[in-house]
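Each of the two complexes below includes chain A, the first together with chain B, the second together with chain C.
This part shows the complex of A and B:
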C-alpha cells in the first residue's frame, strides 16, 4: 500500500507519509484478528460481507472528505449531504429515475458552486460547509419530513448482492479508492489539488489557476458524497436525512487516521479507506466483545484514541 | 496492503504494540466484569437471545436495558436461555451504527433478536436479512414496517389519552391549559397530538391558551413554558408527555402556583410531586421500559412455537395520585417506572390482546430493583 503512494519521494519522507496509515492498518489487522478469535465466522466470505458492508458508505464519504482536506479545506456538511442523497434516492430516484438523476447531478453542481463561492469570496470552508449542511438538512426535511420512502429495485438488489467468491462490500471500497487514487496521485488535477493545499502561491506562480483546482476538488467531493448516499440507501432501504449525521466527524477522523492532515497538501486515498474501515470495525469489535452495555461508548472512544495516539507517536519518532 | 519488512514497520512496532495493549486491556477488563453475557458453553439447545438498542443516552433507555439484563440473567439461571447479549449503538440514535451492530450480532447466530429501533425504516433490510437467516425478530418500543418481524409496543394513543383525560378531569373539565408537544416531526408525536386535539375538542370549556414544543424533555419544556408564561393569564393545567417536572419548576420560577401537569415516571419527578404535595389532578405517564422484558418472553414463546400475534399492544405506565406513594418509594431517582412482566403476566396480556379484552394490570413493584 505504502509503495503506491508517492514513488518519487525520498525514503524518509515517504516513511513519514505512509507511517500513520501503516499504524491504522496494523490496528485494522489487530481488530480483524480479535474479531476472528472471538467469532471464527468473521473470516468467511459471508462474515466479511456482514462486517464490512456497513463501512462502505463511510469509506466513500471519507474519500470525499479526504479530497477537500487535500486542498486544505474541511467539509462539515458531508453527513447531512449524504443524508440528503438518501432522501433524494428514496423519493425522486425511485419515482422517476430521470428527475432523480438530474437532482443528484444538480447536487454535485451545488458542491462545485460551493467551492467556487469559498474561493472567490474567501469564506473559510468551515463556515461555508457548516452553513451548507443546514441547507442540505432543510432540503432533506422538505422532501421527506419523516424517514421513509423506498429505494429503486436495482439499488436494493445491489445492497443484497452476495457473490460466492468474495465479500461484495470490498468491490465498491476498492473501486472508489482506486479511482480517487488515480485522480489524486497520477492525474495532473491531483497534483494541482495537493499544490493548492500545500502552497497556493506556488500554484499561482506556475501559471495554473487555483480556482479550477478548488472547484474540481469540490465537484469530486460532491460526486463521492452522492455515491456514498447511494451506498447507504442500498443498505437502509429508504431515506432519512439524519441517518448519516455522524459521518461528518467520522470522516474527518478517518482521514486523520489514514495520514491526512488539517493543513492540506496530502492526499491519502488508501489511508482514508483504511481509517474508515477501522472506525467502522470498532463497533463490530465492541459487539463481539462482551463489553458491559454502559461502557460500550467509552470503550469505543478509547479504541479510536489509542489508534490516534499510535499515529501521533509514530509521527514523533520519524520526525 | 503488504508492507516491506523494513525499518519502517520496525519503527511502527512500539506504537502498534501500545495500540494492541489498549485493545487487549479493553478485553481483559470486560472479560472480568460480572455483568457481561453469560458465557456458559454448549447450551444444549437452549436459545441465545440478543438485544440491539439504538440509543442509550437517556434514563428511560437505561432503565429498559437494566430491566432486560436483570430478567435475562434470571432466565439464564432458571435454565430458560443459554446466554444473552446487549449491544447499544453509540452516538445520537444513529441508524447506521445500529445496522452495523445488528449485522455483527447476526454473525454470532442468535436464536432471537430483540430490537429497540433507532429509525422506523432504516432497519428494514437488515431485519429482513435476520429473518432470512432464521432468527426470530421482535421489535419493541416503536413500530417498524418490516413484515417478518413481530412488534411489541405501547399505544401512543393511550399515552396521549392518559396524559390528557385524568388531567382534564382533575381540573374539573374547565379552565385554561397549555399543550406541550413532544418531538415534532416524529410519527408517534403526530399520533399523540391528534389524540390530544380530539380530547380537547370533547371538553369545550377548556381553553388552550398556548402550544409549546417541550420535546418530552423536562429541561426543554421548562424553557418553552417559561417563555409563554408571562403572556398568559392563568393556567390550570399543562398537557405534556412526561415533562412535568420541568414545567412545574417553570411555574415555580415565575412565582405562580403549580398547575396540573404530566410528570415523568422516574423517581426524581415522582418524589418531587410527593414532597410538594401537589394534588390537582397531575398524573405521571410514559411508555413502559419493561417492554424489553415482555419482548424477551415473546421471543421465548415464539421459539417454543407458541402462537403470538404479529402486533402486540402493551399497557403504558400511568401513575395516578392514589398510586403515587407506592411508585415513589420503589424507584431510584433516575429509574423509570416499569411494569414487572413475568412470563405468566406476558401470556395473560397476549390472551387479552387476542380476545380484545381489558389489558392486564401488573402489580406495582415494591422495591427498587
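This part shows the complex of A and C:
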C-alpha cells in the first residue's frame, strides 16, 4: 500500500518510493552525457529522434508489463504478443483496416479472457502467460511465416513524422505514460488494481470484486501491447513475430529499474518509462561507442546489475 | 479422474497428457508405438536434466526462477566441445560444461543474495553476459564433439536409451535429496515460508544459493550433452528456457515454491517431446506446432487448476510469506514421486 499512502506522507517515505526511478534516471542522464561527448550531434533534435525512436515500443510494452506487475502478476508473453501485433498490422490492417481493427480488438479481448481464466482457475500468471506466448507465436507464424508485409500508409507516415522543434518519439512516450499514470495512479481502476496487488482480501471486504480488477488490468495490458506493436511496425515497416522476443524480459527489467516490484501493489508508470528508455538507450550508446556486437548484451546485463546495485545502496542510505 | 487422486499426485496430468499424445501418434501412424516411445525417451532426458535444476530453484520460494538456463546451455555446449577436443577427454569436456554453469550461477547468486536483486533480473543479467561469451566463442569455432561420448548418448540396448536410464537414476537421486536429506527438507521449508525457516534456524541464504548452483550445474551438464548429441550452436539452449519452466509447472511443482515433484518433470517432458513428434508426423508447420503446444499447455493448466479453495487468489509471485501456503502441505508429503 506504499503507493496509496505516498501522497499523504511527506519527505522520506516519498523519497524512498521514488528513489529507484531516480537512480535509473541518473543512469539515463549519464548515458546521454557519454553519448553527447562522443557525438555532439546526439543532443540536437534530429539526434534525439534517432536515439529515442528505438525505445518507443519498448517503453509502451513496459507500461503493459507494469500494469500486470501492479496486480502482482507477471507477463512472460508480451514479447511474442507485440510481435504478433506487428504481423497483424503488416497483413490484415494494411489490406483491410476494418478486419485488421477487429482482429486487434479480438487480441485485447483474448488478453482479458486470459486474465479471467487465470483468476477463475487460480493458476499462476507466469505459466499461463508463458503458455499464451506459444499461442501468440503460432498465430503470428500462421499469418506471416517469414518476416515481411507492409504497414498501412498512415502508420508509416507516423513513423517517418519529423516535426520541427522537438524529437517526435518523445510524444508517444509521454502521451502513453501520462495516460497510464492517469489510469493506474489517479483513477479508481488504478486503486482497485493496486489493491488487488497489495491486499486482495481487503479489496474483497471493501465490496469490490478482485475478478473485475484483474480483468481490467489484463485488458489494459493487452491494449498497451497492441499500441506497442503498432509503434514497432511503424518503425520497421513490416511484420515479424519474433522481432520483439527480447521485450519479455526487458520489460520486466524496465519495471524493476523504475521501482516496481514483483509483489504487486505499486504502479510506477513514470519509473517504467525511465527504465525502458534507459535499457533501450544502452544498445544505442554501445553502438556509438563502437562496442563489438557480441559484447553488447554483456554490457547491457552489467548495466542492469550496476543500476540495481546502486538502488540497493540508495535504499540503505534512506533507511 | 478422481479429484483427490490428482491433488495428492500432481504428476499424473503430465503423464496422462503424454499417454494421450502417444495414443494419437499410434492411431495416426498405425505402427511402431514402441519406436516412438524409444525416440521420445532418447530426447526427453535433456529437457528433464535442465527441468530438475529449474524445479529446485522454483521450489526455493516465490519469485525464484532461473532464466539463465538457455544461455548457459549454449555456452556450456561450446565450452565442453572445445575442452574435450583440446584435451581428448570427453569427461573433461562434460566437467567443463558443468563448470561453466557453476560460474554463471555464482554470478547470479551473488547478485541475488548479496545485492538483493530480484532473481529473474539477476539471472537475466548473468545470462546476457553468458550469451556474449557464447557469441565470442562461436566465431570461427571448428572443434567437433567427442565421437565416443556421442556413441554413448546414442546407445539404445533393447530400445531403451542408456541416457534415459541414467537420468531416471538422477531423478531418483533428486527425490531422495528432497525427501531424505537435511538440505532437501530445508529447501522445501524455505520455499513454504522463508521467515519461518529462518526463525527455525535454517541457513536460508546457503540453501537458496545451493539451489541456484545446482540449477547452473545441471544446465551446464545439459549443454555439454546436447552439444555432443547434436552440435554446438549459439541458439542450442534457446527453447529450453520456456520449456524448462513449463515442464516444471505442468509436472505439478508449485510455482510459488515449497512443493517439488521431480517425477512430474518426466511426464511433462515426455508430453512436450511426443507433441513435437506428433506435429512432425502430421507434417504441420511450426505455426501449428506452437499453436498446439500453447493451446495444450493452457488447456492442461486451466483444467488442472491451481491452489485450493482456502486460497482467495491465484498463487502468484510475491515476496511476502502467506499463511495460506501451509494448507497445501497438510498431507505431509511435499516431494511427491
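Everything below uses one rule, namely that the second predicted complex is superposed on the first by the 304 of 319 C-alpha atoms of A that agree within 3 Å, B and C clash if a C-alpha of one lies under 4 Å from a C-alpha of the other, contacts with A are read in each partner's own complex, and residues count from 1 in each chain.
Rule of thumb we're sticking to: a contact is a pair of C-beta atoms (placed from the backbone, for glycine too) under 8 Å apart; a residue touches a chain by one contact, two chains touch by 3 or more.
Keep in mind that this is a model prediction, so the values were computed, not measured.
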Inset, instruction - With everything superposed onto chain A, say whether chain B and chain C fit together or clash. - result: clash
Inset, instruction - Would you check which partner chain A:72 touches, where first means chain B only, second means chain C only, and both and neither mean what they say? - result: second
Inset, instruction - Answer with first, second, both or neither: which of chain B and chain C does A:252 touch in the superposed model? - result: second
Legend entry - Residue contacts with chain A in the superposition, chain B compared against chain C: B
Inset, instruction - Scan A:135 for contacts with chain B and chain C and give back first, second, both or neither. - result: second
Inset, instruction - For A:126, decide between first (touching chain B), second (touching chain C), both and neither. - result: second
Legend entry - Which superposed partner A:263 touches (first chain B, second chain C, both, neither): second
Inset, instruction - Examine A:295 and indicate which partner it touches, taking first as chain B and second as chain C; both and neither are also allowed. - result: both
Inset, instruction - State whether A:309 touches chain B only (first), chain C only (second), both chains, or neither. - result: both
Legend entry - Contacts of A:42 with chain B and chain C, given as first, second, both or neither: first
Inset, instruction - Pick one for A:146: touches chain B only (first), chain C only (second), both, or neither. - result: first
Legend entry - Contact residues common to both interfaces of chain A (with chain B and with chain C): 141, 145, 293-297, 299-300, 302, 309
Legend entry - In the complex with chain A, residue positions of chain C that touch it: 62-63, 65, 67, 111, 115-118, 120-122, 124-129, 131-133, 135-136, 139, 242, 245-246, 249-250, 255-256, 285-295, 297-298, 301-302, 305-307, 311-320
Inset, instruction - Flag every residue of chain A that touches chain C in the complex, lowest number first. - result: 72-74, 76, 117-119, 121-128, 130-142, 145, 196, 200-201, 204, 210, 249, 252-253, 256, 261-264, 293-302, 304-305, 308-309, 312
Legend entry - chain B to chain A touching residues, read off their complex: 1-4, 7-9, 11-12, 14-16, 18-20, 22-23, 26-27, 30-31, 33, 35-37, 39, 53, 56, 62, 65, 69, 85-92, 94-97, 99-101, 103-109, 119-126, 129, 185-187
Inset, instruction - Quick one: which bits of chain A touch chain B in the complex? Just the residue numbers, please. - result: 1-3, 15, 18-19, 22-23, 25-27, 30-31, 34, 39, 41-42, 47, 50-51, 53-55, 57-58, 141, 145-149, 156, 159-160, 232, 235-240, 243-247, 270, 274, 280, 283-284, 286-297, 299-300, 302-303, 306-307, 309-311, 313-314, 317-318
